[in-house]
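One chain, chain A, appears in both complexes that follow, with chain B as partner in the first and chain C in the second.
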Partner chain A sequence: MQVDLKLDEEQRQIVAMVRELAQERIAPFAAEWDEREEFPWPVVEAYREAGLFALAFPETYGGVGASAVTQVLVVEELAKVDATAAIILAVQWLGALPILVAGSEAQKARYLPKLASGEWLAAMALTEPEAGSDVAGLQARAVRVDGGYRLTGQKKFISHGAIADVLTTFARTGGPGAKGLSAFIVEKGAPGVRVGRIERKLGLRASNTAEILFDDCFVPERHRIGEEGEGFSIAMRTLDRSRPAVAAQALGIAEGAFAAALQYAQERRAFGQEIARFQAIQFMLADMAMGIEAARGLVYRAAHLVEEEGRGGGRLTTANRYSAMAKCFASDVAMQVTIDAVQILGGYGYIRDFPVERFMRDAKITQIYEGTNQIQRIIIARSYLDLAPGP
Partner chain B sequence: MIDFELTETQRAVRDFLHWVAEHEIRPVALQADEEGDVPLELLRRLKELGVTLDTLPGGGASGGDGEAPEHQRNRLAVLAAEELAWGDAAVAISLPGAGLGGPPVQLMGTPEQKERFLGIFRDPEPRWGAYALTEPEAGSDVAAIRTTCRKEGDHWVLNGTKLFITNGARASWNVVFATIDPALGRAGHRVFVVERGTPGFTVGRIMEKMGLRASETAELIFDECRVPAENLLGGEERYRQGEGFRTAMQTFDGTRPMVAAMAVGIGRAAYEYTRDRLREELTLSRPIPRYGVIAERLSWMERELHAARLLVWQAASMADQRIPNSKEASMAKAYAGTVATRVCAAAVELLGAVGLRHDRWVEKWFRDIKVFDIFEGTGQVQRLVVARRLFEPYGLRV
Partner chain C sequence: MHVVVCIKQILDPEIPPREFQVDPQTKRAVRGRASLVISPFDLNALEVAVQLKERAGGRVTVVSLGGEETPEALRRALAMGADEAVWIRDGALEATDASGTARCLAAAIAKLDEPDLVLFGRQAGDWDQGLVGPMVAEALGWPLVTNVFQTRGENSPLELLQQAEGGYRVVAATLPAAATITNHEANVARLPKVREIMLANRKPITQWSLGDLGLAADEVAPRVVVEALAVPVPEGHCTFIEGETAQEKAQNLARALRELKVI
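On to the complex of A and B.
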């Protein structure tokens, strides 16, 4: 049994490069982007230059073919300074995954190279107003017409929805339930696709979260991903692979907040000494550190299992249990750690001069998106239980 | 010791303020948060209705029907604080009146000073007093303040910076804590009323915060600020036995239950909103397996807030009976701050969980609540106060 979490040489180099990029091109500006609630295009530019988008794509399509573990290391490193910047990578990869796991050769050749370079941005449009974690309940419809489909429906909370060049989306081609769904690619500017409201959020304020409206939007048949009725399976195969990145984002947020709290506790003096000398503060720091280390183990393990099990494009089994654990645990840790970091900084934690209040606002969504933590707990429990399908 | 039944007066005050919170405060709260300011119009209107912070703590924002009966002032104050914070906490702490500056003037001021500084609140225009204790390097550790004062003829000269001062810039006067010599510790503290426009007193910046964004949080700068000797609260003879520090602390015995009550009010707002939205949404959609979990979470929210409220009522009730309550006040503050923060976090999560429409209320409450575990003494300091009181009978010092 191997239990070391040591990075190999290549991973060390990538992480060091990403750290430098984060310090120089993200950290100094993150507070301002958050304040203005503007999508940080300079980050996209920096990733393009550094070739970061390419990490998750196969070499055949202009990618680097980095392992899932390397991918989460990069997301984690970015989230230490800015969760919005970190999610830009994760969203790009998420948007491309349906094509990666189930796309045709032609689809892969058309989209993946441009997504790998970052020339195009991708988004996955799955969630609807009445269907979040409950994917089988999607209501958007795709009606077959000559040469393709006409899409009608509303997608909600779509990260990068308003700025993506390529949307991978899901709609109902058949009856109710999981078997009636199909997956599609919709390109920016297609007639009948419109961006609705841009959401204003508690955290990840600079990130673009939009409503997408399909109104009789024509999608050619060649833009259907996989077979008709395969949509639910494609969505699941995508989410099977994307959860470790969200877990890594949460882990990075926690680490960023912990570092800030650790530094402040050693500088701030009260009652004649550094507050780090008080047991109350030490206990908080110890709990933060334990949570982070435990989360790190789960996140890396989940990524490792996704890597091992995820070749080919099929559904994952063992990896899902650990992805759910990693996502749920790391995001719960991120929430508690950021709340405690604000607490340790006291009044300074509550004002915008320090990044910890932003970390706390950003942490909350990691407990919600990519399947709420309630859903993750159900997935975890069911992976141990042997139950017949319920009512 | 506690009467769980509210009296007629208490119920009337609570119901009136709930009406005010719902019909006057809520309609402007989101915009006030967005703009980082409470509209003066609202504050004028609230003052007309008799809703001010004049008499807190223990004056009880009594809804305009005059002085509250002495023996239930604190209980009325916490009922008021919960309802107003339920409406909007930033508005509640921006209400016109002496605010936290009132108690030190009441406790230490000469009759002449009380009239001079508190008399201005009879004016129909909104006016504020403020309480300037915290400094960049001294928060919960009150004894560590470094703002200095020295006597020069018939003036005192103040030098230093105060930070995180609620209503500090709009206040007609600030109660300012300074020291004649930091080496003297608590015995060196002096308490001044510094009026706006005093030479050498300027407002630095207004601070940008995560929550309570409509509330004004100011930095105050004293640079060779010359304060007339008659503005030293209570006159010099009052300070022989560390009166300044004691006053700072006594203020908190009354205000901690109020701050705790506000935390309960915010938590309750988030809980009720979540409960109502979920009830609406879930009956419309088909059954989902999370029902059981959601019910459990909602009952947990209600339970924790209820427990926090009872701690608050106990602390307030003891204050009304003149029973020393610093342990109970600190328990209430520490408990309410912690659980209300968790309740607001749960509200965001539960509403996110069912894919609800984006809604700014829970987002705002989640940002607002965190500081309730920080200001008026952090949760850690509250726990320390409780621990000290617990071990005192055994002669142990914590």
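On to the complex of A and C.
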């Protein structure tokens, strides 16, 4: 494959616009949103105005059909100032992906244009209290009734769970294991769906993370995505495509923290000189920069492969190895870089007046969601071993 | 209504002062890591033009004279709502100054399809001279209104809102006319939308050389010679104001400030 990280003119212009948007409408308020643990609606409004939600949707459904590389560039740019703001886009795309990869024409026509404009928000509800990494072990049940299904069960840690208009979710229509799962669309306000706890978190505090409770919730048959029993496959095809965006979020967090540390190191003086003159600080900066550049290579490459391989709605094979690597590596880099950034800022790094402690708290989630880094390592290893594809 | 906006691409004026350097030999700013942006008042001018188009109909043409990265600025303008773009590009313009630039712009405007209004930023964000707008108006023989921040109406005479001490003045301008634009809350430049950025990349950019404009190289040779260029070095001093009581300290502070002619 070719290794070409040069952005084209269109990408550079979109990134430049996003950078301005981030500087004007996100950066000045991010600390306050974090502090108040309040979902940042002004960010949603800014994305609607700029047309950012549309990036990942095809032109036929009101989107602009930007490449996966452009999508990750945008998420990365946003995460440089605020990880919560960045994940708003990624969650919208994640929520829409089951429909994009396996939805019927009618489902696409009904949901995608409103999700592309941002008029509706989406969420993807997979995780349950007793099943996170182990997707095949989901317990929520969908029982067939006249004209559709009745859903009962509980979903946990659902990003935008309490605010989404459209929820794509997964429940068991058959026996145990992966083959018994099906995918569904549940609209806001459907009888029998209720929002439970809103989680209070270490980081990503302004992001909405909610529990969803289904209690005999009727879902019409036309809201089933794909065939009965196709749920596990749809979940995997979704995650195959969504991981580069989380990797980009991690990369952006690392870059934001590095920039803050780099600036601080050249301004702060100790023992009569800028701390950037101390080799100990220089070595940290060098390690941070190396990690970031290596992560960037993986993230863009993964996005590029998802773009190439991801057109139909099927499972990805080549791309998967690289998106797992990108997500795992970039999030590990983000964690280390943000820890080092706090260290370089010394006491000020630990104080909320500077953004690096927020970056450090935010970085942690990127090692956990959309498949923990342990799961990513399993995917990577299995892509080399001659074993059945794993979780 | 056909509105023309002349824009200049400059080094981002928002870079940290620490990074700003000039080359004493060439007497130019050093590019360094600074990105190129549309000069801030030119963005206000673009916004005024696009608002006028949205109100009165018609079209907006952007014109820029500049080096190899000029298309980026033009595409940004197209994404903000301009319909056509002209790039004046000629090796002979490398060293030109305000008068040469104005000559080229005037020739380009004369070549365009009957413009009604031509807008400029009040001054460019690099040299801050504020010469080009008035010089072009002079060359075209058009009326010029300076320090405008908004327009009203849809036809000639067009009302131009001009900033004035403590308020604004309304000037009715018979078209065609020229105006220089200053910043105001009414003309904060919009961010382009993703879709517009993508469409802008599909619009063609017209290129005109000096020859196309009917100009010869010696007509645009610089007439101003920059003798020296340097970044001023700020100096800081610290004086402690003494005094027994708060009142005495305040009096001493006031005296010190008066001696420094600050108050």
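Assume the second predicted complex is superposed on the first by the 384 of 391 C-alpha atoms of A that agree within 3 Å, B and C clash if a C-alpha of one lies under 4 Å from a C-alpha of the other, contacts with A are read in each partner's own complex, and residues count from 1 in each chain.
Here, a contact is a pair of C-beta atoms (placed from the backbone, for glycine too) under 8 Å apart; a residue touches a chain by one contact, two chains touch by 3 or more.
What you see is a predicted model; the values in this text were computed from it and never measured.
A.B. asks: When the two structures are laid over each other on chain A, do chain B and chain C clash or fit?
C.D. replies: By the criteria stated at the top, chain C and chain B fit after superposition, with no clash.
A.B. asks: Where does A:V342 make contact in the superposed view: on chain B (first), on chain C (second), on both, or on neither?
C.D. replies: first
A.B. asks: Looking at the overlay, what does A:I88 touch: chain B (first), chain C (second), both, or neither?
C.D. replies: neither
A.B. asks: Kindly classify A:V64 by the partners it touches after superposition: chain B alone (first), chain C alone (second), both, or neither?
C.D. replies: second
A.B. asks: Between the C-alpha centres of chain B and chain C, what angle is found at the C-alpha centre of chain A, to the nearest 10 degrees?
C.D. replies: 90
A.B. asks: More residues of chain A in touch with chain C or with chain B?
C.D. replies: After superposition, B is the partner touching more of chain A.
A.B. asks: With the two structures laid over each other on chain A, which partner does A:L213 touch: chain B (first), chain C (second), both, or neither?
C.D. replies: neither
A.B. asks: Could you look at A:E20 and tell me whether it touches chain B, chain C, both or neither (first, second, both, neither)?
C.D. replies: It touches chain C, and chain B stays clear.
A.B. asks: In the overlaid three-chain picture, which partner chain does A:N373 touch, first (chain B) or second (chain C), both, or neither?
C.D. replies: In the superposition, A:N373 contacts chain B only.
A.B. asks: First (chain B), second (chain C), both or neither: which does A:E9 touch?
C.D. replies: In the superposition, A:E9 contacts chain C only.
A.B. asks: What is the contact status of A:L138 with respect to chain B (first) and chain C (second): first, second, both, or neither?
C.D. replies: A:L138 sits against neither chain B nor chain C.
A.B. asks: Determine, under the contact definition given at the top, whether A:A54 touches first (chain B), second (chain C), both, or neither.
C.D. replies: Second partner only.
A.B. asks: Considering only C-alpha atoms, give the closest distance between chain B and chain C in the superposition, rounded to the nearest Å.
C.D. replies: 10
A.B. asks: Share the list of chain A residues that count as touching for chain B in one structure and for chain C in the other.
C.D. replies: Touching chain B in the first complex and chain C in the second, no residue of chain A appears in both lists.
A.B. asks: Provide the residue numbers of chain A that touch chain B in the complex, in ascending order.
C.D. replies: Interface residues on the chain A side: 35, 127-134, 137, 156-157, 199-202, 269-272, 278, 280-281, 335, 339, 342-343, 346-347, 349-353, 357, 360-361, 364-365, 367-369, 372-375, 378, 390.
A.B. asks: Spell out the residues on chain C that touch chain A in their complex, using ranges where they run on.
C.D. replies: These residues of chain C touch chain A: 18, 35, 71-72, 75-76, 79, 191-198, 200-201.
A.B. asks: What residues of chain B sit close enough to touch chain A in their complex?
C.D. replies: 134, 137-141, 143-144, 163-164, 207-211, 217, 285-286, 288-290, 293, 341, 345, 348-349, 352-355, 357-358, 360, 363, 366-367, 370-371, 373-375, 378-380, 383-384
A.B. asks: Given the complex with chain C, which residues does chain A contribute to the contact?
C.D. replies: For chain A paired with chain C, touching residues are 9-10, 12-14, 16-17, 20-21, 49-52, 54-55, 64, 66, 266.
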